[in-house]
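So that we are looking at the same thing, I have put the structure below in structure tokens.
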Amino acid sequence: MEFLFNLILLLFLAAVTIGIIGVRNLFAVVVLSGAYSFLMATLLIAMDAVDVGMTEAAVGAGVSTVLLLSALHLTNTEEAPAKHSNVLPMALALLTGAVLVYGTWDLPRYGDPDTPMNSYVGDEYLERSIPETTIPNVVTSVLASYRGYDTLGETAVIFTAGIGVLMLLYGRRRKGDDDEGDGRS
Amino acid sequence: MRGHLILRVVSKILIPFLLMFALYVQFHGDFGPGGGFQAGVIVAAAFVLYALIFGLRAMQKIISPALLEIAVPLGVLIYAGVGVYTWILGGNFLDYNMLDSHDPSHGQHLGVLLVEAGVLLTVSSTMLLIFYTFAGRGR
Amino acid sequence: MLDQLPAIIIAVPLIAAAVCALIRNETVCWLIALVVAFASFVGSATMLGQVQKYGEDISYKLGGWAPPVGIEYKVDLLAGYVLVLVSLIATAVLIYGRQSVKLEIKKNLHGWYYTMYLLCMCGLLGIVITGDAFNAFVFMEISSLSMYTLIALGKDRRAVAAAYQYLVMGTIGATMYIIGVGLLFTITGTLNMADLAMRLVPLLDTPAAIAGMAFIIVGLSLKIALFPLHLWLPNAYAFAPSAVTSFLAATATKVSIYLLMRYLYTVFGFGFSIERTPIPEVIMVLSLLAIFAGSFTALFQENIKRMLAYSSVAQIGYITLGIALANATGLTGSLVHIFNHAVMKGALFMLVGGIAMQVGTVRLSDMAGAGKAMPLTMFGFVLGGFSMIGVPGTVGFVSKWYLAMGALENGWWWIVALLMLSSLLVLVYMGRVIEVAFFRERPVDAIPLKEAPKSMIVTAWVFLLACVYLGFDTSFTVGVAEQAVNVLLGGAQ
Amino acid sequence: MEGLNELAFVLGGVNHWITVFLIMAGLYIIVSRSNMIKKLVGLSIFQTSVYLLYVSPGKIIGGTAPIISDDFTVYSNPLPHVLILTAIVVGVATLALGLALVIRINEAYGSIEEDDVYSGEDWN
């Protein structure tokens, strides 16, 4: 059952992605990308990643959509028709895909508990979390303690982005503010 | 959207619950899914909802951009401050075992609570601030 | 205190960045940034000294958790060497850049500028010092996001477009990097680089390891701006504020090269990545293309900042060429050139910043007669140019010497010939600037020029004198580089 | 149930194939499209698809979410979840900064099509 559910979600994801490639109205693209995030969140929850799924739903479908919509409000909502040939991008994507298929071909099959990944450090966290930190949600204990330094970095990333956006869009927009554009620098 | 009575009433009822849910997610993060990041996003979402219904200006009267500009670095400082405190107690950076000399696992729990509070503060205020700057740009 | 140094040099800049964002006063923030950057430099130098003295890597357990469960900081000779470089340049550019930042960036953003600058430094140092593959990604993003912002602060509208271009290509690079790390993680279950190296030994020939390696190398090559993935670099360097360009040109790509070396030599090991894969051949071709395409394009640039940026593409080619030579001498040349190029390119960009400030533009045609009006700047340019060409007695010569020796060890005399040919190209494009500045009269109607502010000239000249000094006394650069190479190659066999 | 799980084991590669497809699609959008917002959406898809690459191999058939309780004994691997939480944050941070740049580009150039912005400009 689990597997069938996954398969359907995965196929939906692929379909939405094809939609995003094809649609030229950017509002539709944003709506589709919201749907993509919800599907992704469901899929993540189906794969037991409840924390990640919850975050993806809140961030991908929530915050990202709001940001994209407010950006669309300030810019243009229609994508111009493509002027270039798609051969090179297609070749690049196919090459990347080929390397990935090659790389993932031999990976342990889905759901195997005895892979190196599932029997090494990950397993250790499950055993150590309660005795060492008293926290039953292992994701929280790893996030905030065992790999808490990554999370400090992650907070710093958010901080950087926040101040960065502020610096770029600070103050009211004035005409001619941005272009000293007489072609000279 | 300011004229829509139903939206205004529903959101007025909804927003306190959203904030309460955020607090639940924050403090229940040790036992169930959730934590500072998720809670921060939910808090921001509640305020964004308020701003969408009642207008950006009304929202900024409650939480001014200047206040958020302070809150963003403050969250980072809380997180890093825990690390500095563990330094002072003689441990490595972010070694929460130091926080409780009797029972290290208690110290761990305390440390996790503190840093999650820092994450909550930075994430919620940054998200809201970014929304302010984007929404305020158009007028 | 001393055993906490690895965490101090990263955490303190991060805390200082947050404090600067609270204070936002230009003078105070500048002072905080300067003190913190200098403290990081002292800390890095102390650690490098310790590693050299005791011959033992420094390992630091963040949160007190032993790796691979926790995140580890690891300082070996190579890491210490790059840490010293980054923190040194960061300190110098702070002294240099204050005046030009005041002039080029809107007044109410000055405090935040130093926040971003510190975050960028913190991110770069974090990439170097970490022994954890995923932690490197987190710090890569801190440095990248702050870099995109700093570049977009340039006065010209093209700065924003360049920053966007960099953001897209940089994010592709970082994502490819985590795809690669993900593949390695799936087959080994660990993220600690040393542990990864150990557990990868029996798995090196598996498709997942090879694909992971390919993704990591391509991703990092985007960050390094290795030809032909360099497209973001010229515009980003050309239109960023002067101080930002000096800092980035001297540090950002170097740190990515460092990370690439970490993977090639520490994680996969010399015996696999260099001896058993076609990586050296590929890097060889790309490096030579970078050297010639970069130098050749530089010949046709009107904007001298952009000219120097294309020259950076070529110089990155020299550094990667050392990897491709696949012997100790070549790799020494490459490590030495990381330091040397940072010093000389840093100095040149600093001088160009002074020109931009006084002349108002960085277009070659507007610089006629600048040699007479700004003798210190333009003579500095001549000296920097000599170093770029590789005249004996300058640092440029030292690195090229080691590269040439490395090539000869393999019997590849044609590489030596190509190196000399490329120096000729450098002579031509640097010569163009010098010709215009010294041998053309300034138009009568042009605004009169004067020398750039003292703080800018002095810092630039300190770097230029370092170019000469390090050209004679190579005990620091070559000394550390040779020891580091021993460790890198020895540890792999 | 058992049979289906067996089937899952055999066909398990499907997760990876779709992940690969999503990565390819994301990359294709970034490289082929000229519209900057569409490019950023492509960038999000490219980054998001990596989540699957990390989380799928951590799933254990018959396991539950890694929240320790007396009712369960088999849990899926928590480490990829932690890493991906960080990756999500990085993704939204990049998107926010990218959109801010796009807004500035639109104000300066009056267009968010790369074709207009880059080809109409004298870069020298």
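Labels A, B, C and D are assigned to the chains in the order they are written; within every chain, residues are numbered from 1.
In the analysis below, a residue touches a chain if its C-beta (ideal position, glycine included) is under 8 Å from a C-beta of that chain, and two chains touch if they have at least 3 such contacts.
All figures in this text were calculated on a predicted structure; none of them were measured in a lab.
Looking at which of B-C and C-D shares more C-beta pairs in contact, the answer is the pair C-D. For this pair, subunit B with subunit C, the centres built from the Cα atoms lie 36 Å apart. If you average the Cα atoms of subunit C and of subunit D, the two centres end up 29 Å apart.
Here the CA centre of subunit A is 4 Å from the CA centre of subunit D.
For the pair subunit A and subunit B, the distance between C-alpha centroids works out to 21 Å.
Each of the following residues of subunit A touches two or more other chains: 50-51, 55, 59, 63, 67, 71, 74, 100, 104-105, 107-108, 115, 117-118, 121-122, 125, 136-137, 139, 143, 145, 147-154, 156-166, 168-170, 173, 178-179, 181. Contact of a single residue of subunit B with at least two other chains is seen at positions 31-33, 37, 69, 72-73, 76, 80, 83, 93-94, 96, 123, 130, 133-134, 137.
Each of residues 14, 17-18, 21, 62-63, 115, 134, 138, 141, 145, 148-149, 152, 157-158, 160, 179, 183, 185-186, 191, 238, 303 in subunit C touches at least two other chains. Taken as a contact graph, with one node per protein chain and an edge wherever two chains touch, the assembly is complete, since every chain touches every other chain. The touching residues of subunit C, counted against subunit D in their complex, run 134, 137-138, 141, 145, 148-149, 152, 157-158, 160-161, 163-165, 167-168, 171-172, 174-175, 178-179, 182-183, 185-186, 191, 234-235, 238, 301-303, 306. Subunit C meets subunit B in the complex at residues 4, 7, 11, 14-15, 17-19, 21-22, 60-64, 115. Residues of subunit A touching subunit B in their complex: 50-51, 54-55, 58-59, 62-63, 66-67, 70-71, 73-74, 131-137, 139-141, 143-145, 148-149, 151-152, 154-156, 158-159, 161-163, 165-166, 169-170, 173.
Interface residues of subunit B, counted against subunit D in their complex, comprise 31-33, 37, 123, 130, 133-134, 137.
Those residues of subunit A that touch subunit C in the shared complex are 99-100, 102-108, 115-122, 124-125, 128, 145-150, 152-154, 156-157, 159-161, 163-164, 166-168, 170-171, 178-181, 184-185.
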